[in-house]
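The structures considered in this document are given below.
The same chain A turns up in both complexes below, where it pairs with chain B and then with chain C.
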Partner chain A sequence: MELRGYDAIVTLQSSASQLASSQDRRIKSAEEPRLDWWSIAAIAPAIVILVGFLLLFFYGVYQSLTDLRFGRPLVHFIGLNNYAALIKTEDFWNSIRATLVYSGSAVLAEAAFGLALAKLFATEVFLARVMRPVILLPLVLPPMSVALMWTTMMDPQNGIMNYLLSLVGIGRFAWISDPVTAMFSLVLIDVWTYTPFFALIIFAGLQGINEEVREAARVNGAKGLATFLHIEQPLIAPYILIAAVFRLIESLNQFDIIFGTTQGGPGNSTSVLSVRAYITAFQNLAFGRGAALMVVNWLIVLVGTFAMVKLWRFVRQRVS
Partner chain B sequence: MRVNRSTPANLILNLLVGVCAFILAFPLIWILMMSLKQQAEVMTWPPTFLFSPTLENFRVLFDVAQAGATSYGTIKVDFLTPITNSVVIALGSVIVSLLVGVPAGYVLARRDIPLKEDIAFFILGFRFAPVLLVVIPLFSVFQTIGLYDTYLGMIWVYQVVTLPMIVWLSRSYIEDIPKDIEEAAAMDGAKPVRVVLHIVLPLLKPGLIGASLLIFLLAWHNFALGLMLSSTKAPVTVALLKLLNPGVQFYPVMAAGLVVTMIIPVILIVIGQRHLERGLTFGAVK
Partner chain C sequence: MSAACEKLKAADPTITPLGVRGVRFWSSIHTAAISIARSYGVHDFTVKDGKLDTGLDSPESIAFHKDYVDMIKKCAAPSFANDNWYQVVEGINSGRTAMAIDSNMFGFWNDVAGKPASGKIAFAPPLRAPNAKNFESNIWIWSLAMNAASQKKGAAWLFIQWATSKQVKLNGAVAGKLVNSPRTSTWTDKAWLEYAAKPEFNNFVDTFKSVQDRAKLAFTARVGFAEAMNAWAVAMQKMVNGADVKATLTDLAAEIRSTM
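So, the complex of A and B:
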């Protein structure tokens, strides 16, 4: 139990920071720091494929500086004109707002519900042990299937969701077909799908907490809530944050769920950057402009990730 | 952590867990029920929970010869082709990723090469690549070199999703194998290649099967790449969206399509729950 928790923490650290834990291993094998041909041959194909994608990425950034349109042979380098044109439009700022609202509220809600779900399943009551695989269910479904599943369930005419609401006396709710409620509905779908992700990671964190620490707290007279606030919370906070980093990146890039339900509508209410970029590039055929939108999206992801990782380092230092 | 609780507390906790599990499972149960209903039964208000099940919707999905002749008007669906596409692309991606990724994972776990951690981090970074930013230039490149709408092109482009995952997972599984075993074999004079083939690979097999399940799932999930880089070779997720014709809503047929795309992941949970948990949480759960 103790050992498993330790392992989990090491893996978590290794997947986010640059593997502080491997330093002792490096010292041990310091006698043979050589580059042999076998290793190169083994790692080269993977590197070549991935560098290929990296080049495409840079090509995409370059395209955002051109006036490339599909089906037009002449391409001009126009510098930052695409970006300059974008920031003048109301739609662009609306997309940025939609992207931030969507991922911000989804990640916050998922963290809160995920913590509750993890605590609940960590009680290890009978049903918690039996129902454990159910947590995985939303995570393994294709996001597109999830999107369409909820589209049918949220049908304002005869969807099951409105029926369930009518049972508790709430009248017809428009869900994704009304600009006012569309964003809320999308966040709800995201929360249903990815709360289990937080729950699984926080669950691993809870299992890693040494039983003796809890026992000591109890002997010293700490009650349930106090144990949670002063003992558990500082220890699982890094887990919550690392899960939040992963989810923030993915939800800022979210395309499937939004494209499968509203395609950015009704009106402009849910047109996040990735959906707007798709429509600009593949429906309006303005590839340069679409690429520029994706570069902006990528910059937001980058800034968000750096902020979260900084916060995570801070929280982890507080523990150790 | 087993704590002694009073019976009422236990009951309440069980009840709460039951409610959560119900919220997570109910949409799937509802869609399964819907896929077994007639169109008229789906359109009624209030929704019906009792009905006589029919397999008509699944017949409409797969019966290409009969397409157009359904009990609720004309609908032309060819669902078998996209499913075949998805299976071919996902299996192809898994095979290519295993061949290319596992050796890389081994080197990153065991050999002391320069910039090792930087390479590992670079590879993990692709898990969060803005896929659309790669696809926009890829579209022009694929059109030029003739890879647009081919299995080969699709399998290659799916590597952006599956390859980083398999490198990362196989590395973590190899690090779980005690190094002593390899060193002992090397002491006895076995060549490095023989050590890997006869000692590491057999020990790695369960982990690799789990990792393959996971990346098959990731490939099966993908929608954006198929939407933009293929038409006749489009995966099943793209075909699903086409079932939702604006105006004419054949919800039960779409529900049947959803059941088909969701049944495979659900089977995979039953086969490899632990492995999926580990993979989906990037190794936080062991």
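So, the complex of A and C:
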């Protein structure tokens, strides 16, 4: 018995010591830095691309800290002088205002119209089924073509828009030719082009709602509007917000539609930051100043996107 | 001009009396604006106490801009702020525009036989200030240049010589409709003069000869040309849209001085 017990103890001790040494080896091997060349090779292209993007971006930031301009043989590091000069001008603040008004109005209007369109698509109305693929056409048009098309249509004298208005007794509208109406006209073009994007995303959200949820609401006596407001709307809110994030980024950076129609005019009424940066860098050939404007634009996009993503997470948590 | 525009509008409300560029870039300045401005005695830059300074806030400039803005309001298309040279050309080509102040070649090209507006476009020197004795005209020439760092300067020089030779210039004018040849030999050549004097071109040759005597570069050649002239075009849009002329020109001059 004793021997058996002793044997047993020895066996246990031996197993324990074996276990301990195996654990030690694993910990030791984990502590030793080992290069996994295959893994590094696999992710190398992604790292190269990432570093490439970052280098270009930081080169742009560096340019904004220089007095780089055409005709100047030497480039000097001037710190934040470009930014200091910009914030002293009224035109700069006008550009900030134009950028925020343009993107804010466009995204809000597109969300509202996109929601209405998505609700229409979710019905089985014949016209809605026919229009579903057609409505996506503006999205696939090059923005510069859209701009040229609308410039012709919005001509105050010969454009089709004023002709259509005249049919219902509305007088001549200045559209993009007047500083008072130019921003509205640009937002209208943006809404026409990108509302289908919102409609598509929200429609996908509506399709994802379980029919049993709607059924339960109906059983509890909820009518159509109440079902939409209290059941569907909270469930599709994250979809609306994620579409808004993408559109906000794009509209804060919008260049093609604005440059293709008004070039930032009349006066400076539609001179958003991206257009001002382009004109400063490539028309006025003040590359350092232009780069500073783009960095400011980037900061606005960053802050706007960060806020929207925060909101999206908050709403998603509430829904789930 | 303003009175003529009002008469034209009264005769046909659908017609645009005057086609003129208005986009917010220097290209809007280098045709109508700078030519007429010079007849008012306006200089984009002047030398004061040995230093370069802008002359766009001078009394002459204020007088010019008041008249010019008034003319644009009464004569130009409502789409003035979006109109570039191609809108001006389209206007005179289609007959929707009665007159235009722009490059003479746009009229010539549309007078060519077979074009819809052939023979309907005549020519005149630029407008001038009410008290000016003569008109002024800006000259805008595309040139060939050789890079100082070129390693093939001989080949570049031979190319420039060929491209600007008498025969190529004449051929370009007659066959390529590259009017306004800078070579005297083209303007004394029988083939070109016979072609340019065809009835469809109306008074093109006579007007060219009278304008070329007074045509010169009206801008001050300097680094930063585009920045200053773009700012001028933006200021013009603001004034046409109702901004005070004197205050806008004061702001424009301050903006230009801050970049010098």
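Criterion: the second predicted complex is superposed on the first by the 270 of 320 C-alpha atoms of A that agree within 3 Å, B and C clash if a C-alpha of one lies under 4 Å from a C-alpha of the other, contacts with A are read in each partner's own complex, and residues count from 1 in each chain.
Everything below uses one rule, namely that a contact is a pair of C-beta atoms (placed from the backbone, for glycine too) under 8 Å apart; a residue touches a chain by one contact, two chains touch by 3 or more.
Note that the structure is predicted; figures quoted are calculated from it, not measured.
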| item | value |
| --- | --- |
| Greater chain A contact set [chain C / chain B] | B |
| Contacts of A:100 with chain B and chain C, given as first, second, both or neither | neither |
| Partner chain in contact with A:156 - chain B first, chain C second, else both or neither | second |
| Contacts of A:120 with chain B and chain C, given as first, second, both or neither | first |
| Which of chain B and chain C A:165 touches, first, second, both or neither | neither |
| Chain B versus chain C as contact partner of A:262, first or second or both or neither | second |
| Partner chain in contact with A:78 - chain B first, chain C second, else both or neither | neither |
| Where chain A meets both chain C and chain B, residue numbers | 70, 151, 155, 157-158 |
| Contact set on chain A toward chain C in their complex | 70-72, 151, 155-158, 172, 174, 176-179, 261-268, 279, 283-286 |
| Chain B to chain A touching residues, read off their complex | 1-3, 5, 10, 13-14, 16-18, 20-21, 23-25, 27-28, 30-31, 34, 42-47, 99-101, 103-104, 106-108, 111-114, 117-124, 126, 128-134, 136-141, 156, 159-160, 163-164, 167-168, 172, 192-193, 217, 220-221, 223-224, 227-228, 237, 240-241, 243-244, 249, 251, 254-255, 258, 261-262, 265-266, 268-270, 273, 276-277, 280-286 |
| Residue ranges of chain A touching chain B (in the complex, touch as defined) | 4, 7-8, 11-12, 14-15, 18-19, 22, 26, 29, 32-36, 38-43, 45-47, 49-50, 53, 56-57, 59-61, 63, 68, 70, 117, 120-128, 131-145, 148-153, 155, 157-158, 160, 163, 166, 192, 196-197, 200-201, 203-205, 211, 214, 239, 242-243, 246, 249-250, 253, 255-256, 259-260, 274, 277-278, 281-282, 287, 290-291, 294-295, 297-298, 301, 305 |
| Interfacial residue positions of chain C with respect to chain A in the complex | 16, 23-25, 77-82, 96, 223-224, 226-227, 230, 234, 237-238, 240-241, 243, 259 |
